[in-house]
Amino acid sequence: MIGSRHAWRKLHAPFSEDKLMTVKVKFFASLKEQMGCDGATVEIGEVATAADVWLAASGGKALPNNVLVAVNMEYCDPNQQVNSGDEVAFFPPVTGG
Amino acid sequence: MIGSRHAWRKLHAPFSEDKLMTVKVKFFASLKEQMGCDGATVEIGEVATAADVWLAASGGKALPNNVLVAVNMEYCDPNQQVNSGDEVAFFPPVTGG
Amino acid sequence: MKVEIHDTPFQPWERLQRYESGVVAQQHPGKYGASAVFVGTMRDFNEGDEVKGMTLEHYPGMTEKELERIIGEARERWQLLDELIIHRVGELLPNEPIVLVAVWSAHRKDAFEACRHIMEALKSRAPFWKKEQLDQGARWVEKNTDGY
Amino acid sequence: MKVEIHDTPFQPWERLQRYESGVVAQQHPGKYGASAVFVGTMRDFNEGDEVKGMTLEHYPGMTEKELERIIGEARERWQLLDELIIHRVGELLPNEPIVLVAVWSAHRKDAFEACRHIMEALKSRAPFWKKEQLDQGARWVEKNTDGY
């Protein structure tokens, strides 16, 4: 789903074209298989939420309801703002223990 | 508290004087210390409850509320009938674990 | 099901290792997804006093029967594969294990609930009595507190 | 507090023995009257199917952080002396231990409740994912069931 960062940004970044930040995206488990990769570094407009990052990284698909979101290894709401350098992870319901 | 079985029977056995049965009495923990012995074999009238056995074995003292009663190693009500050969145990609240 | 009364110190984790590998894993291979364990250890304090040692008295015969009845009742209420209870008697020092309660089940809800239930039933029904050695002398523990 | 992720089999009872004698007994001698433990072991069945093996994936870094947060929250709610969590990742076979949760406390109520709470929080929050190998192929476990 994630091609070259440049190509992707041109296609999907919905925000300011002149101010960009870089975030690290990670996928796990079944989501990793569906996405075909375990993550990528993506550029996105400077004001963006975790859901925006998903939208960009997934090629425009809506964030499924049951996907969990963590920013910098801490659970958060998809509407949480992300900052440059953040690690943004998306994964299915956890099934450990 | 428990003297010779004969002397005790004469003083306390409240039931039939001609039909007697034998039961084994046991005391544990603080009750054993208070009674000064860990048990005895006592004779008592053939129709008797665990409480009657206590009364006989304790020299006529009332059964304290918090004393637990077991007949043949199973908890029971003080009013339960006992049978010849039964083991009747009296002990304080348990404190194991 | 196994119930043991020991009059010398026992090592709870080592006993668990042996019982699980020797009995549970042999009789229920692949089935015991959940085990819950409680271990009670002698403290050096109780009700504000320093405790130097402890004597644990019990009612031989009834103790084992009552613990087996407690396990039997738990089996009626929860789905259990196996249970192990070990209890010390005799002279104990601080840091020595007093009691081990372990249950094995397919699922964790049964394991957790049965383990706690058995432990509470043991505390309120199994015929054991503790006498504590304090600096001022010995005293019988009068009552177990409720654990819920 | 100790949190460990292992990619090879671990022996829960042996680890408990070592942690208790090496850490808990050293740091809290005479104080740990109660320890409660849960061990989860891989079953050879799930949802009516035979399971041959399992792959446990996790999110390195976040796993440890989340488990430490869970312990921290439990410490705010119960009086705990120490905690040990070990979780397997990688390729597992039936009968291999998956998870160990142990807590030490002065009193049994705190130990029982905190152990169960930590285990349930681990099940619902710690970033692990199970993929089961069946005869028909592999499948991701979709959801943990509620344990209360």
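As written, the chains take the letters A, B, C and D, and residue 1 is the first residue of each chain.
To be clear about the criterion, a contact is a pair of C-beta atoms (placed from the backbone, for glycine too) under 8 Å apart; a residue touches a chain by one contact, two chains touch by 3 or more.
These numbers were taken from a predicted model, which means no experiment stands behind them.
Enquirer: Remove subunit C in your head; which chains still hang together?
Expert: Contact components excluding subunit C, positions unchanged: A, D | B.
Enquirer: Strictly by the touch rule at the top, which chains does subunit B share as contacts with subunit D?
Expert: C
Enquirer: Going by average Cα coordinates, which chain is farthest removed from subunit D?
Expert: Computed centres place B farthest from subunit D.
Enquirer: From the C-alpha centre of subunit A to that of subunit C, how far is it in Å?
Expert: Spacing between the chain centres: roughly 51 Å.
Enquirer: Roughly how far is subunit B from subunit C, centre to centre by C-alpha average, rounded to an integer in Å?
Expert: Computed from C-alpha means, the inter-chain centre distance equals 30 Å.
Enquirer: For subunit A and subunit B, what's the span in angstrom between their mean Cα positions?
Expert: That pair's centroid distance is 78 Å.
Enquirer: Among the residues of subunit B, pick out those that touch two or more other chains and give their numbers.
Expert: In subunit B, 97 touch at least two other chains.
Enquirer: For subunit C, jot down the residues that touch at least 2 other chains.
Expert: As it turns out, subunit C has residues touching two or more other chains at 40, 108, 119.
Enquirer: Pairs of chains that touch, anyone?
Expert: So the chains that touch one another pair up as A-D, B-C, C-D.
Enquirer: Okay, in this complex, where on subunit A does subunit D touch?
Expert: 26, 28-30, 70, 73-75, 89, 91-97
Enquirer: Spell out the part of subunit C that touches subunit D in their complex, as residue ranges.
Expert: 11, 13-14, 16-17, 20, 25, 29-45, 94-95, 106, 108-109, 111-112, 115-116, 119, 147-148
Enquirer: Please name which positions on subunit D make contact with subunit A in the complex.
Expert: Spelled out, the residues of subunit D in touch with subunit A are 40, 56-59, 61-62, 65-66, 87, 98-99, 119, 122-131, 140-144.
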